[in-house]
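The structures come next, written out as structure tokens.
Next come two complexes built around chain A: one with chain B, the other with chain C.
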Partner chain A sequence: MEASTSTAAIPRRPAAFGWARLPALVRYPIVGAVLVAAWHFYAVRKGPLVMATPWQTLEAFWEGWRNGSLSDPTWATLRLLVEGVGIGAGVALILTAFATLSKFGEDVLLFLTAVLNPLPGVAVLPIAMLLFGLNETALRFVIANATIWPIAIALNTGFTTTNPTLVAVGRNIGLTRVRVISDVLAPAALPHAISGLKTAWAFGWRTIIAAELVFGVAGSSGGLGNYINNARQYLLTPQVFAALLTIAIIGVLFETLFGQLERRTIIRWGMKSS
Partner chain B sequence: MKTRLVLAVLAAFMVAAFTSAAPASRSQAGPPSKLTIAYQPGLGYAPLILMKQLRTIEKRYPGTTVEWKVLASGTPITQGIITGDIQIGAVGTGPMLVGWARGVQWKIIAPLNLGDLWLMAKNANIRTIADLRGKRIATPTNTSIQAVMLRKMAQVKLGDYRALDPGLVALDHPDGMQALLTDQIDAHFTSPPFQFQERARGAHIVGKSYAYFGAHSFLVTVMQQKFYDDHTAFARFFYNQVVAMHNQIKNNPTRVARILSADAGGQPTWRQFKQWLTAKDPTTKRPALTWTTRPLGLMRTAAFMNKTAQLSKAPSSWRDLVFPPVYPTRGS
Partner chain C sequence: MINRIPRRVRRPAPGDRAGGPLLHVDHVRLGYWTQPGFTVAVEEVSFELDEGQRLIVIGPSGCGKSTLLKAVAGFIQPIAGAIRVSGRMSPPPGADRAIVFQEFDQLFPWRTVLGNVAYPLRINGASRGAAARKARDYLELTRLAHAADRHPHQLSGGMKQRVAIARALALEPALLLMDEPFGSLDAITRQRLQTELNRIVEQTRVTVLFVTHSIEEALVLGDRIVVLGDAPSRVIATVDVRDLGGPETIEYGRMRAKLRELLAVEDEEVEDSGGID
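After this line comes the complex of A and B, so read on.
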């Protein structure tokens, strides 16, 4: 019976007693505790200037969220991320619609994607700072660049792999080409759009943190990357770890959010198997 | 059977990981066999550049391999010293004090100079500290001596040391200079030779650190207590070398300028370096850089940083911050 509930790639022999027989509710906390204990002992060995212990990290995390020193930069970074992804999604939508409507648009999209997609966001940052100055617009530009291409590629794939029968039906009942895009292609491309959005969010999140680390703005308008930078300069290692913990938690939260979104839309509508 | 084998290997690995000591090439007496010295771009590090080019350490201690590193700011140098990659670092007094207060077991082995640091602006409308409210000001890092001086200026002129904090941007000197000259930032608190270069390209001085703090130390070389204890004779030799380089700069500026220019690959020219080495404040005619191993203003800086919550503790005496070779200079 263990073999049937096991998720191993190679079937394991069912154990009579041992680790695999324990329920998940017992296994996971124990694994977590062992890893946290290993972290603690390693941090104590390395010293407080190099690594923070789990308890110090939690203390700094709690302090930072309580008095706003960590929460404010987090909201600032998230706000920038949402704005950047919004711009990216909008531009991607326009580019993909253009690509669907004309061959020239498709060539332009192909060319831009091939050239700009491989560029890491942080590599574009110096150019952005020269163009827009040392302000948030440069950061928005960098995030937009990181997010446009994954979304555009995903949307394009979604549009081109739509069931041709559906498209034919749409044309048959007299929809204009623009309405074909909005009423037939876009709903059909929803799974691709969501997966593109997930990728774009992941790229954008990493890019914004890295860009802020490079950017180095201090003061009230700084984001999470700047918080880490500042903590580094003042040798406040627990705060660095608290920021990393925040980033990890936000990552998990967004994964859950996207999972919920998928469950309510494309899984419920049968467009993706759960 | 297999699980037990895996567990045994894992346990052995963890034991090995926890008991492996950090690599250290310590000899109980005598010079270190390998030495890494790190400094930053700037004219203030001239004594170290001279030591590098004249190979004075290698001549005296042939068994020692010296590696010279140029890093962008005090933060990577601090981290390098903490992890043991760097043995001697050249940083500003700001990062030195922050590290000292945070528990990095280090002290100053040889102060490099006193320096008048200028706050430069290019926009003609920015003339006073009050004009800087809400503007973007670049300093090397938030803990740099320039950032401390800026807060002092804010305290004196605007009544609140945090008044200019929202506009602070951390840029290292070359990037900051480029940003100022291309109008991306409004002011740049920097050091020689960048402040001279900016002035030559049309920027003007908004504030000088000497005016708010008196003559004060700018750059210092630091080493960890452990290193000093293990290589006390070498540390004393290093201190004497810095003094010797200072004498070279004072007595032989042309030769020094040639060496600095050669180290920089010929650009800027040695004439330019000589001009910078002897540069003076345009109004008071005092030299911008004073080459001495006598530290000044350490206690004043630490007290101010303690007041602005940048330091968690203040030293009780300047001797807490330096190693014995520096004691006779009667610093402050």
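After this line comes the complex of A and C, so read on.
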């Protein structure tokens, strides 16, 4: 008691430069400025063919989004990604529901996830190309495959760890087995579902860029990976960097989106601490 | 037919029934599968529960009283014997036998207090408006109207149990099943909720089957007490405690002593779930 009181009374040693005491709004821009400066000087030393300077990157980014040469591939990639993750999430939900309703379904799910989840997403690209040809369907297939398994694993964990009392309440108030899944298990598994979706989105994002890089020129409109590959071939280094910047920004945006989703649902409901 | 009795009638005395008991547990034997094999929890138990009565099933921990309640709720089928609810043989789980569990986490965390009470009504065919209105009425009854828009994680344990009671009562069940609903509460809250429950049951005239291991709780809440022995359990006594009077009366003291003897509770053993003394 005595000891813990005295420990609590000792204030943290103030940082030498007071860095930790600066507000985040000051700290992050400083970090950013230092890194951008380092980038700039390194790029100047390396020469414009290998490294674009921050300014050149921004110019290419601005230009690309203004005339559509960068924004069109970005939208194409995002559309494919959303479609692929959508298909993946749907299949995952069906598989998990099936696994909840029957032992056989559970065995099928466990077997499939054990075999297919460790497979890197791009690895099935050759098969997809053989199956569907050089088109968007092949890409959708690859993304769906990359997202089904993390989502299914997360959903299944969420379903199986749902408090049995809640399920009993659901059946007690007269829910059918299917309604128990949609009205009790699904919302109860939401914390797992969201983290599964996060993982799936990250997998899908990496997979589609990689797949597009491998694909080269294909389909009606190339995606971001395609754009990078083209820019590299023509030594348009600023464009390569502008595409990377786009990818980074989209990543941050999605993080924020998921954060919002969590705050509005599971954090508000006390199912996850903020 | 007997189900149509309007509320606010006199609680019927035992044997004062027209169409048979509301609940008939008839030589029931129950068990469940565990790791080593099949465990018989309830050897053979029989009792009847009439409409408007409050029946307490009491017994030592692990005597199978919760298993018995689950069987009445329709979650488990008896190995032998029969459970009849309003004449129906072992009906599947349904809102006519709404349950209040011991666990605080029996509320849906993603619904508000009002939503938790209204949602089962929606499932059972009420319109959105009617469900909300009725839910408000029952939250009023359990004195929770002020918390209607909160989420369960913002409530204390006692409030959560009151929401669960409101949710069960709003379904206007033929039989209210309670599985040690106050078992996880501190002594003061438990005592308050017992008093509260008595008031609510008086007001709604609901038929109650209540499982507990607390003698005090059984005496405070019950009309009749069925005492179970150790697992695999049988009924070792059935006592009528309706006209017992308050805890200060001699009869109450005698009954408590008798129950303690039946349950082999050491005289001064601290019965943590006690209420009144």
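Definition applied: the second predicted complex is superposed on the first by the 250 of 274 C-alpha atoms of A that agree within 3 Å, B and C clash if a C-alpha of one lies under 4 Å from a C-alpha of the other, contacts with A are read in each partner's own complex, and residues count from 1 in each chain.
Heads up, the rule we're going with is that a contact is a pair of C-beta atoms (placed from the backbone, for glycine too) under 8 Å apart; a residue touches a chain by one contact, two chains touch by 3 or more.
None of these values were measured; they are calculated from a predicted model.
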Fit or clash - chain C, chain B, common chain A: fit
Contacts of A:Thr265 with chain B and chain C, given as first, second, both or neither: second
Chain B, chain C and vertex chain A (Cα centres) - angle in steps of 10°: 160
First (chain B), second (chain C), both or neither touched by A:Leu134: first
Partner chain(s) touched by A:Gly32 [first = chain B, second = chain C, both, neither]: neither
Partner chain(s) touched by A:Asn163 [first = chain B, second = chain C, both, neither]: second
Chain B versus chain C as contact partner of A:Val50, first or second or both or neither: first
Partner chain(s) touched by A:Gly174 [first = chain B, second = chain C, both, neither]: second
Which of chain B and chain C A:Leu190 touches, first, second, both or neither: second
Of chain B and chain C, the chain that contacts the larger number of chain A residues: B
Closest Cα approach, chain C to chain B, once both complexes are overlaid on chain A (Å): 45
Common ground on chain A, meaning residues reached by chain C in one complex and by chain B in the other: none
In the complex with chain C, residue positions of chain A that touch it: 163, 165-166, 168-169, 171-175, 179, 184, 187-188, 190, 265, 268-271
Footprint of chain B on chain A - complex, ascending: 18, 38, 41-42, 45, 47-50, 129-130, 133-134, 215-221, 229-230, 232-236
For the chain B and chain A complex, residues of the former touching the latter: 3, 14, 18, 75, 78-79, 82-83, 95, 98-99, 102-104, 136, 141-143, 165-171, 179, 182, 184-185, 310
Contacting residues of chain C [partner chain A, same complex]: 73, 75, 93-95, 97-99, 101, 103, 105-106, 108-110, 119-120, 123-124, 151-154, 171
